[in-house]
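Here it is, the structure in full.
Per-chain numbering from 1; labels A, B and C assigned in written order.
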Amino acid sequence: MTPQLISLIGAVVVVVTLALTRRVWAPAIVHAIPSVWRIAKITVAEARRRRVLQAVVVLVVLILFSMTFFSYLSPGEQSRMLINGGLSAITVFGILLAIFLAAFLIPQELETRTVYAILAKPVKRFEFVLGKYVGALIILAIIVAVMTAVLVLVLVLQDAMVKDLPDSTFNPNLEGVLFAALMNYFAIAVLTGLIMLISTVSSTTMTVISSFIIWAVGSLQSTIHDLAEHADTAATKLLLQVLYVVVPKLENFDFRNEVSNYLHVSYMSGWDALLQGLGYTIVVLILASIFFNDRQV
Amino acid sequence: MRHGKALLGLLMVGILLQTVAPQESIHKARPALFDPNRKTKPVSAISIGPTPAMIAALGGFRTVAADLLWLQAERVWDGGSWWALLPLLDAVTQLDPHFILAWQVYGWHAAYNMHAESETVIDRRYWLARGANILEQAVEANPDNWEIRFELGWTLYDRAHEKKRAAEYFYQADQMPGAKSYVTRLYYRCYEGILDIKDLMPALEYAKKRHTDLAKSDDVQHQVIVNRDYEWWMKHKDDPLEHRRQIVIENTARAQRSVPFYLYPDDPYWDVCPICGLPSKKGSEVCEVCGAPLKAPSQRGPATRGEKKT
Amino acid sequence: MNDEIVLQVEGLTKIYRSLFTPVGVKAVDNLNLSVRRGETYSIVGPNGSGKTTTLKIILGLIFPTAGSTTIFGSSIADLSVRDRIGFLPEDAYLYDVFNGEELLDFYAGLFGYPRSRRRQLVDELLTLVGMQANRKVPFRECSKGMRQRLALAQALVNDPELLILDEPTSGLDPAGRHQMTRLILELKKRGKTILLCSHFLAEVEEVCDRVGIMYRGGVVAEGSLSELAGEPTEIVITTSGVGEAQAAVIAAQPGVLSVSDGVVRMTKESGDQLWPVLETIHQAGGRVVEVSRPRPSLQDVFVRAIRQDTVEEA
């Protein structure tokens, strides 16, 4: 059975299910959009008022500027280091922020009981979950955009400083950097969805710990894929394949290597990664909604 | 709605099935990451040792780990520990197989520095072979990169004097986008060096057809040089005396630059005198220039005249 | 108040089970109650009697083990029901980084009101709860009283027909409690149906039409205050200036039960003997301060009901 055939079957299943249930989901979506948007807006506004996020962004900006002090390296190596280090800093801090944001969003509302006032209003539980997720996405988009803008600025400034040097091979590769940063953001978005799913069923501490483990496992996607291909027994192979399905595919979104080594970047792969991540996130959010719906608050 | 959760479950399964094709596309489009048979894999974090690089190597930050180790390699280089460089550069290239400069330095360090440091022929041959092997791995990991093929070709040409193999790599490098004009010229110089007239002339014809954009100064220079060489060889390709003269010119030029003379292991025409360093016809018992007795090729040691470390 | 039943609870049971308590803890046990339109119904009971659990089940925040709840004839899962109710949670906590104006605007937005309507609503509600002057004060800088008032305002943002208030005066000082009680009475006057949960019996006596006394998950007594309190049991005359000798004379009068510390108690049936006793007090040189026929307080009823339930159980 080819992958295309499997995907086609999946598409048929989705279309048929949606067709059968259109009387349920169509009005639900119409009702959900304004509620989700309102909850997302209040989530963003609340995060903006809390200084912690702003402090972390300032820290990252300082780190990115400090990376320009590798001037003893050749320009060719310098651009590679800046791109690599800058994109990796954005990844690390983006994911750390995503973990600490998403792990606290719903549990904190339950703990402080601010959720009671909302759920007593005509807001469905899945709208609440989605609203929190969209709010987190907006916050993370702003943060990643700011960090990327700073990295681009650093690269442009360095390029201006060294371009008159003889045989300068500094190449800021801005198009690649922007693409890699965008893909990075999508990876963070996928991870955030999964963290929110875990937060609907466990405490804040367990959610944070699990998130770090999932991040590490998700970054070892290719290793799991290899192990699954070369597994000794059928049972091990099946287990690893199931793990491969369940784990978020963060390496799909990792283009740092290609960008920092000035290799060809496949935009089509980026698009495929986005499709895969979108499907995974939708499933995760549906599960989160189901769990939160059944949760006694 | 009845059976709500069951329908939701079905929807989720359908969505997950839909993601199979895009994931498979990614596996195919990015073999460096996902091909199960890929040659270079991330080195075990344990082999690097408990350092920040090891921590970075775990999960997704291999290129940052490579950079950290590269910086460490720079520091080690400044300290003069050439032996310590080897595992570092090995780790860097394993962690980031696309870091061309690291491969170049690694291969060069083995084939040039460690080769020059060695005291016996056996050690020298080992380092040369190792350098070539490293660069072969680099070529395998970066099949689309002309620079690394050129690097391998140059090492074979300049150090190992395996000019026929070098010519193959120069030719491959020349086919790739971005290759400079000197690659094309080095391709035929390989045949020139071993006086392989049969391959030299087609190589010159090929070089003439390359880099023909007269708006670029590099191309203009290339055409000037190639046409000069082509015309010269058309005049002298059948002239044996000129071959000798050409070799003499080449080696004299080398002596002027204080670059050591080398034995051509597969040279069918000449033996080089260990005293004056000038060639005599193969099989001669005494040097045709200074009269010194010539040893048999198998008894010759490394060339000593004008030898300097790089 | 009319006869339309706004809230109906039938056979409601909630058992909390966990890995460590497989048998379960019964928080609500076969509870039945109904609230009519326009009335103020209060659930009173000691801590742990299941009041808050009942409210949470009514609001769909937790799910019952058995039984049903209907509001306006429908389930709470129906969103149109939530358009018509307002909820003030116990120790209400709202987003503390926002001020009252922003909070009310957010909650009003959840009902889909346009901006102009929201602005108007925010002004009206802040005026109603007395927070106009402090509309820009962030929630975390508000006093407990201010927070409760803002929380009440958010419960009123959709002008609900049914208001559910969980311990609205909890943690407030006497002035705050007085203010909150006045607000509740104002809402009652406006025709709201109110379900109130409290253990401050004094305020319940002041605002409620009917009371349900909950104990150990069930309603042990229910009815209007007069129904629960019953008829007055005696006549009480408060006097001053009556000495011991005069007290003995007064005590000897027919119908007098006791005279102590200037308080004369007569049986409820001896209304005919009232004037002679008053005359005797006057002749003895005393002064009548007050004559009354007190009913048992809600506290007395409460304690009696719980004691009775305990005895019945034994």
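Here is the rule we use: a residue touches a chain if its C-beta (ideal position, glycine included) is under 8 Å from a C-beta of that chain, and two chains touch if they have at least 3 such contacts.
Predicted model only: the values in this text are computed from it and were never measured.
Engineer: Could you say which chain's mean Cα position falls nearest to the mean Cα position of the entire protein shown?
Structural biologist: That would be chain A.
Engineer: Measuring between Cα centroids, what's the chain most distant from subunit B?
Structural biologist: C
Engineer: What is the distance in Å between the mean C-alpha positions of subunit A and subunit B?
Structural biologist: 41
Engineer: Determine the centre-to-centre distance between subunit B and subunit C, using the mean Cα coordinates as centres, and give it in whole Å.
Structural biologist: That pair's centroid distance is 89 Å.
Engineer: Using mean CA coordinates as chain centres, what's the subunit A-subunit C distance in Å?
Structural biologist: Spacing between the chain centres: roughly 50 Å.
Engineer: Would you tell me which residues of subunit C are touching subunit A in their complex?
Structural biologist: Subunit C residues touching subunit A: 56, 59-63, 79-80, 82-83, 85-87, 89, 91-95, 97-98, 102, 106-107, 109-112, 151, 154-155, 158, 164.
Engineer: Any idea which subunit B residues touch subunit A in the complex?
Structural biologist: 1, 4-5, 7-8, 10-27, 29-30, 32-34, 36, 41, 56, 58-64, 67, 70-71, 74, 96, 98-101, 144
Engineer: Which positions of subunit A touch subunit C when the two form their complex?
Structural biologist: Those in contact with subunit C are residues 31, 34-35, 38, 42, 45-46, 49-50, 112-114, 116-124, 294, 296-297.
Engineer: Across the complex, what residues on subunit A touch subunit B?
Structural biologist: Answer in residue numbers: 3-4, 6-7, 9-14, 17-18, 20-21, 24, 70, 72-73, 76-77, 80-81, 84-85, 88, 91-92, 215-217, 219-220, 222, 225-226, 229-230, 245, 249-252, 254, 256-258, 260-261, 263-264, 266, 268-269, 272-273, 275-276, 279-280, 282-283, 286-287, 290.
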